[in-house]
Amino acid sequence: MADHVYKIVELVGTSRTTIEDAVQNALTKASETIRSIRWFYVTETRGYVEEGRVGYWQVTIKLGFTIEE
Amino acid sequence: MADHVYKIVELVGTSRTTIEDAVQNALTKASETIRSIRWFYVTETRGYVEEGRVGYWQVTIKLGFTIEE
Amino acid sequence: MADHVYKIVELVGTSRTTIEDAVQNALTKASETIRSIRWFYVTETRGYVEEGRVGYWQVTIKLGFTIEE
Amino acid sequence: MADHVYKIVELVGTSRTTIEDAVQNALTKASETIRSIRWFYVTETRGYVEEGRVGYWQVTIKLGFTIEE
Amino acid sequence: MADHVYKIVELVGTSRTTIEDAVQNALTKASETIRSIRWFYVTETRGYVEEGRVGYWQVTIKLGFTIEE
Amino acid sequence: MADHVYKIVELVGTSRTTIEDAVQNALTKASETIRSIRWFYVTETRGYVEEGRVGYWQVTIKLGFTIEE
Amino acid sequence: MADHVYKIVELVGTSRTTIEDAVQNALTKASETIRSIRWFYVTETRGYVEEGRVGYWQVTIKLGFTIEE
Amino acid sequence: MADHVYKIVELVGTSRTTIEDAVQNALTKASETIRSIRWFYVTETRGYVEEGRVGYWQVTIKLGFTIEE
Amino acid sequence: MADHVYKIVELVGTSRTTIEDAVQNALTKASETIRSIRWFYVTETRGYVEEGRVGYWQVTIKLGFTIEE
Amino acid sequence: MADHVYKIVELVGTSRTTIEDAVQNALTKASETIRSIRWFYVTETRGYVEEGRVGYWQVTIKLGFTIEE
Amino acid sequence: MADHVYKIVELVGTSRTTIEDAVQNALTKASETIRSIRWFYVTETRGYVEEGRVGYWQVTIKLGFTIEE
Amino acid sequence: MADHVYKIVELVGTSRTTIEDAVQNALTKASETIRSIRWFYVTETRGYVEEGRVGYWQVTIKLGFTIEE
């Protein structure tokens, strides 16, 4: 794995149900155009509120992937 | 929306089940007295442990709402 | 409770399903050797990606427990 | 001034024109109900974008005031 | 304790003598209007200087209390 | 808005006049290639100095936009 | 001193009286099992409140000591 | 430019009008005694409030300059 | 240089030898597709361990470049 | 007070007794050469350990003073 | 790799020559007692100065390893 | 060592070769005017890029020294 170079991009996934689902939605969208995604980490967990309930979760992730030859 | 002013308050919601439920419990309690809650973000996720298991989750959120006329 | 001393250790729990489960896995492993765990807080939420999906969650927690006599 | 106690509250002011104006709008609203505001500091500067231009600035401040007798 | 909701407020206590006394002064003032204060943590320790000596300490705390039924 | 995914990119705008103008310059450049920019936040405010005066402001922003279908 | 290796552990000391005493209590407990403690730094100062007064201080420190041959 | 050494000093500029003016005031004062100031960055934006309006802005900057031969 | 706009991207370079080499590897890869890279700063220094030795260094950098006309 | 410029310097005071005394020692030394010190804030609280006890406290402060005409 | 639990410990390695060597010295010492060290990251880079030169580097790392069955 | 007071200053050293050399260059320059430098820590590691290679490293350090009688 030595001398590989990775790129990190920042995305916000949303979901009406869970934090985990919001992350997965971001990964699903990213994997349409990025091959070889390797890892992510969560940088922010927010949400919008509708009539006193969580309307949807907004989870910001940074996503690392191999820059391919 | 311009020239609106929002207030931010900080709450800790708790739940025996999930992080999402702890956040919702804080929102439910806040919406008893605050109308027009708009958004929140999570600032800390903690928990108490009972006999080696998560006894309850304690999730701190900051909550933004419109200061009404 | 005054004059008690607590120790804090840092663990990473993993899970294929949820953030909460990753935390519980870390607590379960820790409670094999540490009695009287009292609280934890989450310091990082990461994950590895396999074919565009969360392969497993990696949640770092700090765990506080009483140093017993 | 010794032994005074101050309270700090967090507000978001908005403005279509400048950062300074967004701060002033928050102060103006706060001073309708809070006497003796003493100082503020900026904790976040954000904005919403409309057709490639700053639609309005959203500036979060913390505001300190004397708790009066 | 599960499903309780706590509110966190931010105060600055001052004292001519010690950091501990500045914190206690903030708690004393807060407990005039807030029942069931549970915990606090220090977020900033400052002071004003008069002729080369600490004139008074200004200690900022966040204070958590149960939102009562 | 649920289940939308946003991308965040980081830009530095510059201006000889104001912080606000530096931000607008970054937005103007970004909107040449990115449709549907939604929000930004300021992460750093710097400047270069020429003969004791601010030569130009350099303001770093993170910019969020909808990943379109 | 070159090529020494130090280990850092994290403890919470408590005291009913002062911040300094809480730190000393953590050091006293640690020195029962760790020889050659060298330095510490404070990472958090908290406290529990009993009837409007500081019930006890909880001070988190990181503690460095030489790993002995 | 290689092997140059720069010094960084921290100043607070004030102004009754704008954040930019407060920065310029700090630079103007600094350039009375420091030649070859190169860059600055803003570390804090505060202000004092007089009767519900911003009385003056207090902007803290770090200022870099070449240590001359 | 006024009114230029810069973009910042985040990369992870790896190397079996040094931190400096890991940074250079990221720059070399980036310069295959980005002209006019101007500066970088290090945001994280990590590494993987193989049999008690640093297997390879992983250094995360943010990289700024001029958005060309 | 408008248009004043303040300088901030960083000092470490030490004391065998208390945190407050370490701060005062730094102020006393600084006031030998700096007139018109106005405020300080604590940025780090450390200490050296001698035979399981706090040998001396090392408290880092930033100190603000008026740049005089 | 799912459901593994990792422990993180914090060490300071020192070296008279390079940052990389200080990290390796910490790893070498740690691997005397810890099997299966997996990764590390640098949290602080300090040094002591002797007669105007770096006497030795002190690099703090956090070190992750698998808790073995 | 008790009751000593230290001053901390911030410098940026540069080098075409290594991070360590950039730090040493800052120390060498500082020791021309400051006696009894004691320690430093690195606060930022940056660099300028020339044709896809690190042109020179810019390493910011804080430097502590005894204020002599």
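The first chain written gets the first letter, and so on, giving A, B, C, D, E, F, G, H, I, J, K and L; residue counts start at 1 in each chain.
Everything below uses one rule, namely that a contact is a pair of C-beta atoms (placed from the backbone, for glycine too) under 8 Å apart; a residue touches a chain by one contact, two chains touch by 3 or more.
Just so it is clear, the structure is predicted and the values come from calculations on it, not from any experiment.
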Graph separation of chain F and chain J (steps between touching chains): 2
Contacts common to chain I and chain K (chain labels): L
Equivalent interface to I-K, taken from C-G, E-G or C-K so that over half of the residue contact pairs match: E-G
Cα-superposition angle relating the copies chain F and chain E, to nearest 5°: 120
Identity of the chain that, by mean CA position, is farthest from chain F: G
Between chain H and chain F, distance of the C-alpha-averaged centres to the nearest whole Å: 22
Rounded Å distance between chain E and chain I, as computed from the means of their C-alpha atoms: 44
Geometric centre distance via CA averages, chain E-chain A, whole Å: 38
Where chain C touches two or more other chains, by residue: 9, 18-19, 30, 48
Arrangement of touching chains [line / ring / star / complete / other]: other
Touching pairs - complete list by chain label: A-B, A-C, A-F, A-I, B-C, B-D, B-E, C-G, C-K, D-E, D-F, D-H, E-G, E-J, F-H, F-I, G-J, G-K, H-J, H-L, I-K, I-L, J-L, K-L
Interfacial residue positions of chain A with respect to chain F in the complex: 9-16, 25-26, 29-30, 48, 55-56, 60
Chain I-facing residues of chain K, complex: 18-20, 23-24, 27-28, 30-31, 37-42, 63
Chain D - residues contacting chain E, complex: 1-9, 62, 64, 67
Touch list for chain K against partner chain L, complex: 18-19, 44-49, 51-54, 57
